[in-house]
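The structure's right below; bear with me while I get my questions together.
A, B, C and D label the chains in the order they appear, each numbered from 1.
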Amino acid sequence: MQSLPLNKRMLIFVGKYWALMFLILETILFSFLSHGFLTLRGIQIIFFFGTAIFLLGTAETFVIITGGIDLSVGFIMGFASIVSAKIIVALANSGVSPAWSISIGVVLTMLIGLIPGYINGLLVARLRVPPFIATFSMLAVTHGVSELLIQGVPAKNLPYLANAIGNGYFIYIIPGKVVSFFNKPTASFRGETLLEIIPNVVVFSFILIGIFGFILKRTKFGQHTYAIGGNVDAAIRAGINVKRHLTLIYVISSFFATSAGIIYMLKYVTGKADAGAGFLLDSIVAVVIGGASLYGGKGTVGGTILGCLILAVLETGLRIMGVSTFDKYIAVGVILIFAVLIDQFFPELIHKGD
Amino acid sequence: MKKIFFVVVALLLIAAVGLPVFAAGQKEEEKGKKELTFAFVPGIADPFYYTMERGIREKAKELGVNIIVSEYPKSWGPEVQVPILEATAARGNIDLIMIAPTSVDALIAPLKKLYDQGIEIITVDTYLGDGDYSKPSEYSFPLAYIGTDNELGGKKVAEHLAKMLGYKGKVYINTTNPDVSSVMGRVKGFKEGIAEFPNMEVVGVDYNLDVQQKAQEQTLAALQAHPDIVGIFGTNLYSAQGAYQAVVQAGLTGAVKIASWDATEDLINALKEGKVDLVLAQKPAEIGALAVEWGYKYFKEGAKVPKKVIPGFEFFTRENVNDPEMQKYIYRK
Amino acid sequence: MGYLLEVKNLTKRFGGLVAVNNVSLGVNAGEVVGLLGDNGAGKSTLIKMISGVYKPDGGKIFFQGREVNIENPMDALSMGIETIYQDLALAENLNVYSNIFLGREKLKKILGLIKVLDHDYMMQESEKVLKRLDIQIPSLKNKIRMLSGGQRQAVAISRSIYWDAKFLIMDEPTAALGIAEQKKVLDLVNLLKSQGIGIIIISHQLHDVFSVADRLVIMRRGVKVAERITKETNPDEVVGLIVGAETVEQT
Amino acid sequence: MILENSEISGRIDLQKKIEAVAKYWSLIFIALLMIIFSFTGKGFLSLSNFQNIVHLSTVFLLLAGAETFVIITGGIDLSIGFIMGFSSVFSAKIIQVMYSGGASEMVSIVVGSISGLILSLIPGIVNGILIAKYRVPPFIATLGMWGITNGITLKICQGFPISSLPPKLVEIGNSYLLYIMPHKAMSFFRIPPGVADENIRNLIRIFPSSLFFSITVLTILWHLLKNTKFGQHTYAIGGNMDAAIRAGINVKRHLIYIYTLSAFLSGLAGVFNVFQTGIGNFTPYNAMYELFAIAAVVIGGASLMGGKGSIIGSILGVLLLKILENGLQISGIEPFYRFIAVGIILIIAVIIDQLFPDLF
């Protein structure tokens, strides 16, 4: 047993940290080569529009660690955007103040949004329906119900306050003149430099993601999640209530999808059935890039966020640079496959490094 | 060995992503400072907007305006379009954005923000709010809306189709998606148009969500449920293509008249072959060109831009389809 | 009476198939009972009912003289009935001490209210129990995936020992092991027996069973067909009972 | 004792009956749907409507056939929808170039279709190599291929459907075996001469050529899966990969074949689509063909864990979904209910599968 030669150690390093290295390299490249990328604005664009896949990615992380998959998150997100919009509009129209309508609407939607997840959980855990099918059915059902609720036309006429929260920032600065919090300085005029720092929705998302990242990493609940993904039998025999745990996992997934839907409603002041449809695959891809395995037992919220950032930086960077749309599809496909190939080639090295 | 190979591949991949970036970056360095730069943000990847891009590029070349075309959104909706809009705007140095908003209200805030930064906005094809920017409102900030009068178009299609059918019989509408304002205008106009003829009736409206195969299935089902349908209106290219293919498949070519909106090559060929009877051609290239032209005039001459510019449309029929004059209205890149 | 664990008339059906039919047996403290039978004889089903994986369709289970109701694995574990399965039931993606504590993780509070896993404690305790059983594993932070078969078996045993097992069920504990490792496991069994633990051991390796078991229970087609004191029988008779030759002769 | 026996046998009889219902539930469901729709939908119960349904199902039957093989091995192929668009656009482009370059209709059609089919093998081979040799999870490998084929397709056609193809294409694609004009004329393969526009509604068409085509392909697939070593190995791999390896099956090569076959069938669907529509269609982003095919295969009794599934089951799955869709359309029910119905049917399918694990 000799100590590993230098090139082997380098390989271990690359294998373990390739995603982080990729993100750094990507960021460096784009900041040199695409104008306006490495600016306050460019970075905030990445995070602001990333919220959807950050949240859905976190949802998928929990599910994928247990060896499942949740295809319904995109349409649960749309469902939540519609339900919240409907409730808020109804309340606002009946004379409730915008602030109260929004608060009540958000809380109610958070509760209603758990239902599809609970059903998913029952189907998967109690009736042993494969997660792919259970959640795919839920995708179809939530899609149908959402469209019925709005009859195909996006819900609108939300109070202006929703817009102000969804597109608002924590801090506004007019250099040398005014600093204000939460509200845009009234003194600003068109064409003047106005620095907007830290979007509200990003803060909200990261608080949620942080809490659940902590739960996964540090608590008994998290430990059991990994155990179920690693070996269900072992988990059952160790006395873990696997059925209840799995049900909870799908409820958590639904909870994150609902949060994403509410953020959508605040950001775009509409409720739309397919609001999250386009983010589903991205979020699964991000989880996989982040080191999770679709066979279960592996993955972290941190890794997922890293994966999301790789995708978001790539998308935004290519967009700011103006690479053609068609080339982008190809690039994303290649990078995805490559990401998994690396994982396949370094497994033993990565584990030794643990 | 394999692992080293993969590291090499990794580096190559990064280089492959990087090189076009270099090229693009350098191009931008060369650009002069005093030229105008307009950006175009389409609504969805489809031939209508590709044709509009062509009109924009031709006019911009003529006037010496720089054009940035954003990524084409892969589906219809603010969640896809707004990130593209913001990323395009982040390139900086943009004087004017020509955009087809994918939502009448969701796009107000992001566009207003860009407007506040000093960028002018022209909405093309679709609009914000109710499309009337002349009265004071939170969405009255764009310079102009340039697009087809969809209701009028729908009405005209109804008149033409009614005439072909001898002002009697049942007609059916296949359309895309109830959340696209322009397309819903066409349906509304068409229904109003048909309502003027007492012996005519609209027997159904189906939404195909921009999937041609679905349009075909729906039309066949409609023909089955109402065997006496004599006319069909397809409100955009996917609807119209699906509808006429359904009629071809049902073997009813000629017995069922088809009016279609959007002049793709396929629909024009179908018109020539007798499978389609009427094609309304919007003028996407002209819409694009007008947007560039008005923007240019606004910046260079201080011209006052009309809040609404309606470029009109043309009808292709079997009689005029081969006219050399008409060929420019066919959608091409 | 007096048995540490006793089952009476246990029955389990799967659809039309009766996997375990009216089986009764008892095990004293500090006694090793070998459970023998051919494949499909119902051995595994029987022990799974004791360990709470299956719910019996009929019959009673007594533990420490009292009738008990074992609804799920947690019930069995909380009484001190531990099971080591043939497939070991370890989560391969977790490390050694996490597996020892799986399902019964030690928690600590941070900031006075949030309960989190106490990794240090679990690590130290695991080291202690491994030391007590004289088991060597390079690092307790290694994932199970990287351990050898014998090491895994050792982890599974130390896991049950740590939890103060009063009763231990071992399903084929030596099947996948090398000679040296087999001996080590049998030594462990004797060590546990001397500490007053009741043990049921299932094995196809008659040699192993004869070397550790005090009593033998033989099952065939879901029915208990014989019970023998190990010293009063021999492998040939037992094989005959397992395959059913004796009964054929009798009829 | 005797009483008990008869009780048991009665129970077994009942169980057998229930199992029979469970086994043929999709068939029973189809029958139920047909009865309901023939009351609610005017024109549902007619020859022409069923011919429409099977004609429009052709593409989906091929895609479901492709997915059946993949799912039996325990994999999944998300790229089929876009490989279909890829081959459709590619073959149409070649036909278009040759046709406008002066080649005869038939030559350009044949050359174009064949090259489209051959090209569609490439993404399949790549999928297979990634999955079999490099152990990339099928979900990821085929998702990557989804992006790549979509990008390439759009680059070729620049976002426009490929048109100006020979009119013969649509004639072949939409032809029927037999045309009958009541009391007047009858002809094979083409509309009888002299049928004027006004009378065309009375023309009876029997047996669409597309049905002939799909029956041929599906019979071959059925035979391949049911009666050959290849099919047997496919099940073996899905049932227990290790056992298959130990039994000496070259699993890697087999998996590469499976994904290539899947791509080939998707390519075939793409080429057929050109015949059906007369244009080269790229696959729209929100068409979700692959999810439809997977749903049909699962309704047909396959398990995503692998080892189970059949061509006939998948055919029934496709027909069930298509009849449902068609019936709801004809009955004038809002399309939104359709999504809900599909979801619920899927769940029924899987729960039945769970309750009766040894049926299919």
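Criterion: a contact is a pair of C-beta atoms (placed from the backbone, for glycine too) under 8 Å apart; a residue touches a chain by one contact, two chains touch by 3 or more.
In this text the structure is predicted, and so the values were computed from the model without any measurement.
Trainee: Taking mean CA positions as centres, which chain lies farthest from chain A?
Mentor: Looking at centroid distances, C is the chain farthest away.
Trainee: Pick the pair with more C-beta contacts: A-D or A-C?
Mentor: A-D
Trainee: Per-chain C-alpha centres versus the global one: which chain is nearest?
Mentor: A
Trainee: Please work out the Cα centroid separation of chain A and chain B, and write it as a whole number of Å.
Mentor: 31
Trainee: Can you give the whole-Å distance between the Cα centres of chain A and chain C?
Mentor: That pair's centroid distance is 44 Å.
Trainee: Using mean C-alpha positions as chain centres, tell me how far chain B is from chain C in Å, no decimals.
Mentor: That gives a centre separation of 71 Å.
Trainee: Among the residues of chain D, pick out those that touch two or more other chains and give their numbers.
Mentor: Each of 154, 285-286, 335 in chain D touches at least two other chains.
Trainee: At least two partner chains per residue is the criterion; list those residues in chain C.
Mentor: Answer for chain C, listing residues that touch two or more other chains: there are none.
Trainee: Tell me, which residues of chain B touch at least two other chains?
Mentor: Residues 45, 72, 74-75, 207.
Trainee: Provide the residue numbers of chain A that touch chain B in the complex, in ascending order.
Mentor: Chain A residues touching chain B: 7, 11, 14-15, 18, 22, 25-26, 29-30, 32-37, 39, 41-42, 45, 48-49, 52, 151-154, 156-157, 160, 163, 166-167, 188, 190-191, 194, 264, 267-270, 272, 274-279, 315-325, 327-328, 331, 334-335, 338, 341-342, 345-346.
Trainee: With touch defined as at the start, can you tell me which chain A residues reach chain C in the complex?
Mentor: Residues in contact with chain C: 218-220, 222-224, 226-227, 229-231, 233-241, 297-298, 351-352, 354.
Trainee: Which bits of chain A are touching chain D when the two form their complex?
Mentor: 69, 123, 127-130, 132-134, 136-141, 143-145, 147-148, 152, 274, 277-278, 281, 284-285, 288, 293-295, 325-334, 336-337, 340-341, 344-345
Trainee: Which residues, counting only chain C, touch chain A once they are in their complex?
Mentor: 51, 53, 72-74, 77-78, 83, 85, 87-94, 98-99, 102-105, 107, 115-117, 141-143, 145-146
Trainee: Which chain B residues qualify as touching chain D in the complex?
Mentor: 45-47, 50, 72, 74-75, 204, 206-207, 209-213, 216-218, 220-222, 224-227, 238, 241, 245, 248-255, 264-266, 269, 273, 331-333
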